[in-house]
Structures are given as structure tokens and as C-alpha cells.
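Two complexes come next, and they have one chain in common, chain A, joined by chain B in the first and chain C in the second.
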Partner chain A sequence: MSAAAPRRIRLTPWAGLAALAAVPFIDALLPGGLRLEDPMSEVFIYAILALGLNVLTGFTGLLNLGVAAFAAIGAYAFAIATCEIYPFQLGFWPALGVTVAAGAIAGFALGAPTLRVRGDYLAIVTLGFGEIVKDVLVNLDTITKGTQGINPLPPPSFLGTPLEARGQYWLLLAFVTVTFVGVRALERSRVGRAWISIREDELASRAMGIRPDHAKMLAFATCAALAALAGALMVSRLSSSGEPGNYDFQVSILALCIIIVGGIGSVRGTLVGAIVMVGMNSIVLVKLSELVGSPDAPGAALDEAQGLAKVGVFLRTWAQNVLVNPTNWKFLLFGLALVLMMVFRPQGILPPRPLHEAPPEGGEEGA
Partner chain B sequence: MQRAVAAAEQLAILALARADGLPAFAADGALSSWEVFGQQLVTGLSNGMIIALIAIGYTMVYGIVELINFAHGDLCMLGAFFALTAVGALGMSEWGGAGGAVGLVSLLVATAFFCGALNWSINRLAYRPLRKASKLSLLVSAIGASFILVNLGLFWGGMPMDVFAGGNSSAAPKAFPALVEPEPAAHLGDVIVSRPDVLVLLVTVPLMGALTWLVRFTKLGKAMRAVAQNPTAAALMGIDVERVIGATFFIGGSLGGFATVVYSIYNQTVSFQMGYRMGMDAFIAAVLGGIGNLPGAVLGGLLIGVVRAMSDQYIETRWTNAVVFGILILILVFRPSGLLGAKLREKV
Partner chain C sequence: MTAILEARDVTMRFGGLVANERVSLSVRPGEIFAVIGPNGAGKTTLFNAITGIYEPTEGEVLFEGRPIRREWGMSDRVKGLAVGLVSAAVAVLALNASALWQGAIVDRYVYGEAFPWGEALDSVPRTLRESGFWLTWFAAAVGFAVARLGFGAIWKAQRRTPDLVARAGVARTFQNIRLFGEMNLVENVLVGMDQHFRSGYWSCLLRPPGFWRERERMRRRAFDLLKFVDLADNAADAARSLPYGHQRRLEIARALATRPRLILLDEPAAGMNPAESADLMKLIRRIRESGVTVVLIEHDMKVVMGISDRIAVLQYGRKIAEGTPDEIRNDPVCIAAYLGTEDLG
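Our next item is the complex of A and B:
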């Protein structure tokens, strides 16, 4: 046995963490339009959601198109547990506990009956689940207040003190960091390796003594619990559950885009994906539309123009109607991200490292 | 004459109910519960035939490449926008009589060709490079294609034309002109069969017949069945597999094109988000009947159409989507092969 190589301390993660932690200070120096605190908070929340999805879809290979439903369940569980119009009125931290438990139970509830559903059929079942949860939340308006949403909700707090914006940012950063480290640890744990082996070959892993049903249920519950946590953090930050329509298919697809662009099954990749995709969605597109402003109302010139000029006016009016607003390009961007990644780089930006690296060249195996 | 006026009134109420989802006859004491049931049955069967035609597009593609073509519903949405543009540019809502009929047929064929060509291109760009990749990559690519089409629909809705309300709010639903007036065409007792109902029948039944003939008795149909059964063996027999797959996408897409024109005339409104709902209904129909199975898709379409109409009437409109998705989940969990499908084993 050769001596263990000295443990290298990798600097990149610590530098990244330090840079993210410094964002509020940097923001203080920047003009209002360029501040990153709010959009980065959104990145963190989506990162937690996507880390959860990565457990189910990335590690275990079960495509979930309804992860937004788990976020919705978390959001409403948190809202009902805390809001003053309900009898519970828990504080922030106990409510988070309730939320995570509710999420895990929802994950079991969806996971148990769908264990026998495979492949793309499972994707469709999860999609249907997402739609049903959304409809139920809208329609049970005596409990959920329908499209009004539940508010006000307590902001995140720490040691009994409600946090202001900067504190909330650090708290979210802490949540992402803990989730990241936790999911990394899970990946290397016994159950994590079981998930990955099920993804690679369910029959073979069963033959090696893994119980796929147990492992899949755990993956469902973990995914749902993390998604519920993300939902609760989101509504706590906004102080309202928002309307159920906020947790629709688009959110599920954004989470899916994040793990695919980042590198499916890769924990580091998920963070990169969250920064790229949510950054694109909530920072670049939003800032661009602020820059463009609202276009001038197209006049009646179209009726007056003649001949070729009419074509020009037609195209210009068309462009003013939709094309100039960058947020109108959102779906195209998501769609292109998915198709292009699948066709040209299916492994994503930061593909997962193999769990067992090949022994180094000339290594003395078993010496 | 009076009867016709009364019937027209009932139809107007029905159309209203379709538009804003109120229970149609709640306030109308004149109709017995059986007539309400019969009227909803007609509506359900008509919508079901349209769903069935779209479902065939799903089932054909699934049968041959085992892909849930997520973009299929949005393809139909773009078809509706194409049709609306043609109607607006040519002023077709003013055409009457024989000219109107010829115009309608041309519109159907042109939209079918548009959707077929678009589906063929999507296959070429987004699916064909992934033939050797995993099923999930293919599905993800299809979801991506679907989002791209939705966005194109949003762009299209901003076109400064009168039919798009000047394009000022591109995301708003657009009214589709009633090329076939919703007037009664026949009475079965007190149940009215409207002219759009007849149009649905006239378009869908011959197409389904033609498709059955194509799949059963032509060389292309035989090649399609061979590729569906075993692509490698089919290739070894000299079949150009990619060409057959391309043809399948074209045919499935063009059926969707026919369906979307009829759908738009029947429901009189189109929006860039309609593809999701249309696609989901049709996909559920295909799964219900047994995916990959053509008669199954038709049966499933009719069932979904009727279930929707009955749920609108007897449960509540706002629960209809949940009911339909609930059915989907129950089928997938308890009988994934569908009503008419054969049992498949994933791995031996």
C-alpha cells in the first residue's frame, strides 16, 4: 500500500465562496441598476431546487418534469404554517422543518406508486403530478386563497431576529453551501452510489444486492425535500406565497435546464448551470429590457405606407411589437439551451467526475 | 323557423360555455338532463375526433422512434397561427359559398403541408443527431424544441395584422374567424349537431381512413411497420430507415395540421400557449389507447374528448384538467400498455 498522497487544499471553492459572500459589499459601491444581491438570491434558490432535482434525475436517472410541484408544496406548507390567518403561526425555523418534512412526504407519496413506471412514462407522470398540484392549489381556494396567494409571511430570521436584505442574502448563501456539501456527501455515500448504479443498470445493481425500490424512494424524498426547502425560502423572501401559477411547468423546465446545462449528475455543474441559466433569465434578460425600455407605440403609418416601404414599416412594427423586448426571447433561449446541449455537448459544461478514477499510471496495485 | 331560432340560441349558450367554461344549461330549464347529456356527448365526440387526429401524430412517431414528441402540440399551435395568417392575408372570412368551400379545403391542405414540413425539419435538426443517444436525451431535446416553437408562436402573434389585433399584445389569445358558422346542421331529437361538428366529421374520418390504407396497403406503410418493429432488420432488408422516419414525421405533422385548422374553427380562439393543452390531451389519448397503436389513439381521443365534456358539465370546468391528468397517471401506473396496446417487457 502506497502512502496516502498529502491532501491538497483546493482554492477555487473557497475563493468562489468568498467572492459570493462579498457581493453585498460590492453592491454598496455600485449604482442601483447593477446590484447583484437580489438576482443572486434567486440564483441560490434555484440552485437548491436544481440540486434536489439532480439527486433524482442526475444521480438516479429518473426524469422528473414536475419538480415545481414539490416547490409549490413546500411554499404552501411554509405559508400555512406561518401566516397569521392560520392557527399554527410557527416561526421561520420550525416552519422550515415542517416544510422539509411535508416535501419528503410528498416525495414518498409520488414515488411509491410510480416505482413501476419507467423511463419517459415516468417523466409524463411527474408532469401530470405537477399540473394536478397546481390545479388543486388554485381550486382549493378556501384553504390556499386561490390566485391571491397567502400573505404576509415572516421573513427569514436568525436567532430570533428577522433579517434584512443583506442578512437574507448570507442566509441563502449558507443554505446553498450546506445543500451543496450535503449532496456531495450523499453522492459518495452508500445510498448515493446505489443511486448511480441504478441509473447505469438497474438489473445489475439489483443483482449486486441493491434494493432499487428503496433507493428510488429515498431519491424521490430527497429531491422533494430540497425542492420544498427552495419553495419555502422563496416565499419567505417574497413574504407571499404568490399564485399557484408561479409553480408551473416553466419552473420545472428551468430547473431541468440548469442541471442539463451544468452537466447532468454533476453537483458542481448544477451550481454553474444555476448561475448561467437563472443569470440569463433574471439578470441579463431583465437588465436588457430595462435598457431597451418600452418601445414607442407604433403609429398608424402601416396603412399609409405604399409599396416596398410598406414591407419595411410592417417589419418594423412587428419588431416593436415583440422582438425588441428581450424577455420575449426567454423560451427560445431555454429551448435552444436544451436542444444544443443534447446535440453537441450532452455531458454539460462541468460533467461529473467518475467516482472511481482509474489507478494512476505505473501505480503499484496491491503492492 | 322558431325552432331554428331557439336552437341557435341554445348553440350560442353552448359556444359561450365553451368560451368561458360555465356549465351551459345550469340556468336553462328547457332542456332535460338527457338532452344536456346528448349535447355534451356531441361536443365531446367532436373535440375527441380532433384530439384523436393529433394523437395519431404522437403514436406514429412513438411507434417508430420511441420518442414522446413533446413538440407536437406546439407544432399544431404554429399551424393554427399559419392558418390565421392565411385567413387574414386573403380575407377568407368574407368568402362565401363555393369559393369559401374551396378556400377551406386549400387552407386545410396548406396548413397540413406547413405542419408536415415543420415536423420533418424538427426531426432533422433536433432528433436525428440523437438517434444513438439515450431515450431521455431525445425527450429533453423534444422539450427544447417545444419551447422554441412556443417562442416562435409568441413572435408570430406580434405580427401587425388585423387578425392578430394589430399584434399589439402578442401574448393575448386571438379570435379565429368562424369560417364555418356555428349554426345547426341537424337535429337528433333535441340534440343539435352544428355545422362545425359536421366539418370535424368530414375532415377527420376520411383522413383516418386514408391513413389506415397507407399503413396497411402501401409500400411506405409496410416500410413504416417494419422500421417500427425492428429498425436494424429493416435496414438490412434495404429500407432507408431515415427516409421512413422522415416520412412518418411528415405524415404525423400534417395530420396535426388538418386537426389544428378544424380545432381553431371549432373553438374560435388560438393562442401561443394552446399547444401545451392540445398536446397533453392528445398525448394522454395516445397513452390511453396504447401508444404506438393507431386505432387505440382514435379510441383514446374520443374517450378524452367525452371525459372532458362530461367533467365540464357534471364536475366543474376548473377540475377538468386535474381529472384528465389523473386518468393519465392511473393508466400509466396500472396499465401502461393502454387499452389496446400489447404488453411490453423492458429488459429480459
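Our next item is the complex of A and C:
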């Protein structure tokens, strides 16, 4: 029996955090720079959204296809609370508090009537919820300004100072870190055990005295509060709530893809999933299409050599804009990534580790 | 001495199928009581009716002289009222959202000027009055009625649930083992201990010192329970990696973790070899010695006859005999039930 040192400090998460915190500096050293702050901020926001979804779908096993609706509720709560066209005009931080509370209430509101709905049926209900929220936001235009969206909104700030791209990057990194630590703390406590036991076998967990209604409501509220936080951070960064159509099924599915690719039920996996999926979308593909779009791209050179017949121009434009432009391959690549994942690693990149609670130290000798 | 568990004329009907017909049992505190019978005799159904997975079609189950059942108390009345009122408010707000917003905010707010909060609040009743009866009082009434009736219906369907029975002090294991396969052994036991934790959601999230003390105490207790069923060496393994016989013992440890006064074991010796079932018999005796009454379903006659104080025999959903192991062994009705009579042969 190996003598396990009490409370080992793991280096990997701290190293990862340090590396992420150093990204803006490294980026500044590179010639030209990759300007990673903005796309990485998007990664972080999706990471928070996916961490919330992971609580409900990953831990508790309740498939939620409408997590974007919670993000929308958070986004609009933040927008209404802060925008100068309304009298509330809260600052960034108080508004975040309002947002999280609004999200949790929305989670309770959806959770309470659906406690007895399971599996596929719950997926349909949440899907419907997502669509309803979107439509309500469009039609309630007295309050939400319909498709115009509410703007301008205050940017993320810290100690009263509005933050630029780099500051926002660090603030969002801090939010992700805190969310990560919190979700992990919940996972490794009686609350998380109750959630996971419900996912594994609801009847057995009931027979052990777990109250599923209670646990599911907590999961719904946690998921919704985190999704609302993500929505608020998103709109604060963009300075506009955008139109309700921005919070559609695609967002929910992207969040779901993140947790599936990362490893469903795994907190670390969710972060990796967010970096892979959103990173591919808003960093790799964008940089690639910038490359293709530049005049010295190979496509343009080829065209010059073959003369400039009208058909050639048309074909070239079409090829450059549609075929070659990697952002148009986004969904194909998404699909491909999911298919490859399902075939070669269905448990995700970093599946949850089964062993959380080590036996108490010294317990073995005490026998 | 009053019975710790009493089933009174329990009938379980599923459509036309009668799984249990007027089964009555009376289990005394501190005894080991076995329920035996051929496959399909309704033994597991009886367990399910006792533990709240099914609600008996007729008859009742008493634990320590009382039915385990939620009573419509003061807190339920308050909760029902609150749910109704909140829904009524939501209904009214939802139907009048635009008008209320227009009247309270849009009409009053001028950019750069102080906002008259008092006036805005005053506008709310005025706007509602203008909305008329249907959009206000009627909507509130419908919202209240729907929510209150829904609350009542759910409450009624939840009067006797497995979690309530478990919390009252009746634990069980399952015939088809239902462990949490992805969790390790300690965690499986900790799930059983959930009701005895004092730290709630916020404590689990923020982890004050009390959380850590409780966590350590509970883990130690879980580990002690694993020692009790002789699984301490595997404490960190995933439950699904355990051999079958070990899984059955882990289920017992998990059930004991709820600190029951009565434990129902559904075929604990199934799939065990003779050495394992001999150990199991010792374990069951130790459970009884620790003050827990044991009721078990078992097919292994060596186990049943070896440890039971009394035995009940079920056949085709009816109880056909009850008595000490010696009485059952010599009962012609039971012999017929097990070996068959000539018309079956």
C-alpha cells in the first residue's frame, strides 16, 4: 500500500491557468500578433455557459436543449438593468448580481414544472422553452426593443475602471476560474454526489434517501444562473444585447457539443471542449480565412496565370468566398469533429475520473 | 411487543395481474424474517410496495405502528398558497407586461433627469385597472387555480415515495444490483449517508471549516461501513469493477449507511458461491446484532434455513404459510409449492 501524501497539490491546473494568463504577453511578443484576446474571451464565455450546462446535463443527466434561453434571460436582465435608456442604470457588478439571481429564478421556473419529465421528453420541453423565450423577447418589444436589441451597455469593469480587451481577457479568465472551482467543489460534495447518483440510477438514489426533486431544482438553478452569467458577460463585451435571434438553438447545441467533446460530466473536459470547439470556430477558422483572403494567397496567383475570363473571375470569387473560405466549413468541421469523437473517443477528450473520494488516510491501518 | 413492520392485507394489482393478494406480514423488532417462494410469487413486488416504489392497490403498510406517509401539514398549506400566489402574480404580469412597462417606465423616464420611482409604482394599480377584469382578476384566478391544483396533485402523488420511506428508517437492496457504477465504493456508501449530512448547497460551494470536518467524519464512517462488510481493501475501486458477490455486499453497506432500523435484502445470496454465502450469513447476523431488523427474500435454502427466525412463503401472490424454519420444512403445502404436485408433473 502506497503512503499517499495528504492533500497532494496538482500542478496541471495551475500550470494551465498560468499559461492562459500569460497569453496576452506572449501574443504581444509575436510579430504582427495573433490578437487572441477577443476570440479567447469568447472561448471563456462559452466555457462558463458549458460549465453550467454540464451541471444539469453532465452531472444530473437531464438533457437540456434550451440553455441559450437562460443565456438570453441573463443577457436581457443585464441589458435592462444597465442600459441608459432605462432608469435602473446599475453598474457592471451589481447588474451581474441581478442577472445571476434572474437566471436562478428562471431555472426554478423551468425546473419546477418539469421535475417529472424525463429523458427525451425533457429534451423536447427545454427545446420548446428555448424557442418560446426567443419569441417572447422579439414580441415584448416595449421592454426588449425587439430585434433592435438594447444598447449601449457598459463594458466589463473592475474597481470602477472600464476594461480594454486585455483587461477583459483577464477578468473573464478569472470568472472561468471561479466558476470552475465552484462547480468542482459542488461536484465533490454531497450535492454533486446526489446529482450523479440521480444520473446513474434515480430509483436507487431515491431508495437511499436522496430527494431527487430537491437535487434537480438545485441543478436547474445552478445551470441557469451560470448560463445567465455567460449571457450577461457576452452582451457587456459587445455593448449590445443584440437581437433575440442570437440566442437560438445553435448556441444551445454548441454548448452541448462542448461538453460532449470535452467529456460529458467532466469539469476539466468542459474547459478543454470550449477551447477546442469555440477556439476552432473563432480562432483557427478566422485566421485561416484571413490567410486565404489575403492577395498573395495561392488561389489568386493561379487565377492570374490562367487569364481573366469572366467565368474565371466568377469562379475565382465563388471559390474564394465559398469553397476556400474556411469559415464556411464551420458546420462541416463541427459535424466531422463530433463524428470522429463518437467513433474514436465516445467518452470525450477528458472523461470524468471515477475516483473522487479517496479513502481516509490511515484508515487502512486502523483495521 | 409491537411489530416493526406490518403489512395488512396488501394487494398489488397491475391491470388484470394480481401480484400480491391480501398479503399480511408482521415482523418483530430484532428478528431475521425471510420471505420465500417460487419465481413470480410476488416477493419483490411486496418489497416494492413496502418501500414506496409502488402504492398498494389495497391494504396498508405500517412501520413501527404508523404508515409512512406525508401528512398535509401547515408547511404544505403555506407552500401551496405561496405557489398559487406567485403563479397568479406571474400570470398578471405576463399578460400586462407591455402596458405596465409603458406606464411605469417609458412614459416617465426622461434621459438625464431623476426618475420618479414613487410615481412609477403608483402607476401600476392604475394600469391594471385600465386592463380590465379579464386580464387581471380573471388571469390571477386562473393562475392561482392551475398552480394550486397542480401543487395538490403532485403532493398527492408524492405522499409515499421511496426517499420518504428510506428517510423514515427502512433501507433496501435490489435483486438486480443497482449500484452507482461510475462511483467508487466510498462514494456509493456516502450517497446512502446523504440524509445525515448537515452541510447544504452553500456550504458545499463555499466550504467553510465545518464542511471539511463533516466531510472527514463522514468519509471515516463510510470507510468503517466498508470494513463492516469486508470491502475496505477495494474502497477506491469503481463499483462496476467489483465481482458480483462483492457488489451485493456493497449494496448492503450502502443501505446500512442510511442508518435504518429495518433493512430489506432482496436475494442477497444470489450469484454467491458457498463460501461467500456462508460469509453473508455471518454478515446478516452481525447486522441483526447491531440492532437492525432484517427482512430478506432468498432462494438459497441453506441461507434461509440457517439464519431466519421466521419464514413466510408466498405463492401466486398469496401467503400460503408462515412459521419457524422447522415448521416450514415440514409443511406439506410448502413442500408442494416447491416440489410441485402430481398434476404439474
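Note that the second predicted complex is superposed on the first by the 314 of 367 C-alpha atoms of A that agree within 3 Å, B and C clash if a C-alpha of one lies under 4 Å from a C-alpha of the other, contacts with A are read in each partner's own complex, and residues count from 1 in each chain.
The rule is short, and it goes like this: contacts are C-beta pairs under 8 Å (C-beta built on N, C-alpha and C of every residue); 3 or more make two chains touch, one makes a residue touch a chain.
Keep in mind that what you see is a predicted model, and the values were worked out from it rather than measured.
Chain B and chain C, once both complexes are superposed via chain A, fit side by side. Legend: residue contacts after superposition of the two complexes on their common chain; A:P113 is shown touching both chain B and chain C. Of the two partner chains placed around the shared chain by superposition, chain B is the only one that A:L256 touches, whereas chain C remains out of contact. When the two complexes are overlaid on their common chain A, residue A:L203 makes contact with chain B and with chain C alike.
With both structures placed on the common chain, the touch criterion links A:T142 to chain C but leaves chain B unconnected.
Of the two partner chains placed around the shared chain by superposition, neither chain B nor chain C is touched by A:P31.
Once the two complexes are overlaid on the shared chain, A:V339 sits against chain B while remaining clear of chain C.
Of the two partner chains placed by the overlay, neither chain B nor chain C lies in contact with A:G160. Annotation: superposed on chain A, chain B and chain C show a minimal Cα-Cα gap of 8 Å.
When the two complexes are laid over each other on chain A, chain A has residues 113, 116, 203 in contact with both chain B and chain C. Interface residues of chain B, counted against chain A in their complex, comprise 67-68, 125-126, 129-130, 133, 135-141, 143-152, 154-155, 157-160, 167-168, 170, 276, 280, 283, 287, 316, 318-319, 321-322, 325-326, 328-329, 332-333, 336, 346-347. Of all residues in chain A, those touching chain C in their complex are 84-87, 113, 116, 140, 142-143, 182, 185-186, 189-194, 196-197, 200-201, 203-212, 218, 352, 354-360, 363-364, 367. On chain C, the positions that touch chain A within their shared complex are 51, 53, 97-98, 101-102, 105-106, 108-109, 111, 115, 117, 120, 150, 154, 161-163, 165-167, 171-172, 174, 178-184, 186-187, 190-192, 194-195, 197, 199, 201, 204-207, 211, 215-216, 219-220, 223, 226-227, 232, 235-236, 238, 254-255, 257-258. Of all residues in chain A, those touching chain B in their complex are 61, 63, 65, 113-114, 116-121, 123-125, 128-129, 131-132, 135-136, 138-139, 203, 249, 253, 256, 260, 298, 302, 314, 317-318, 321-323, 328-332, 334-340, 342-343, 346.
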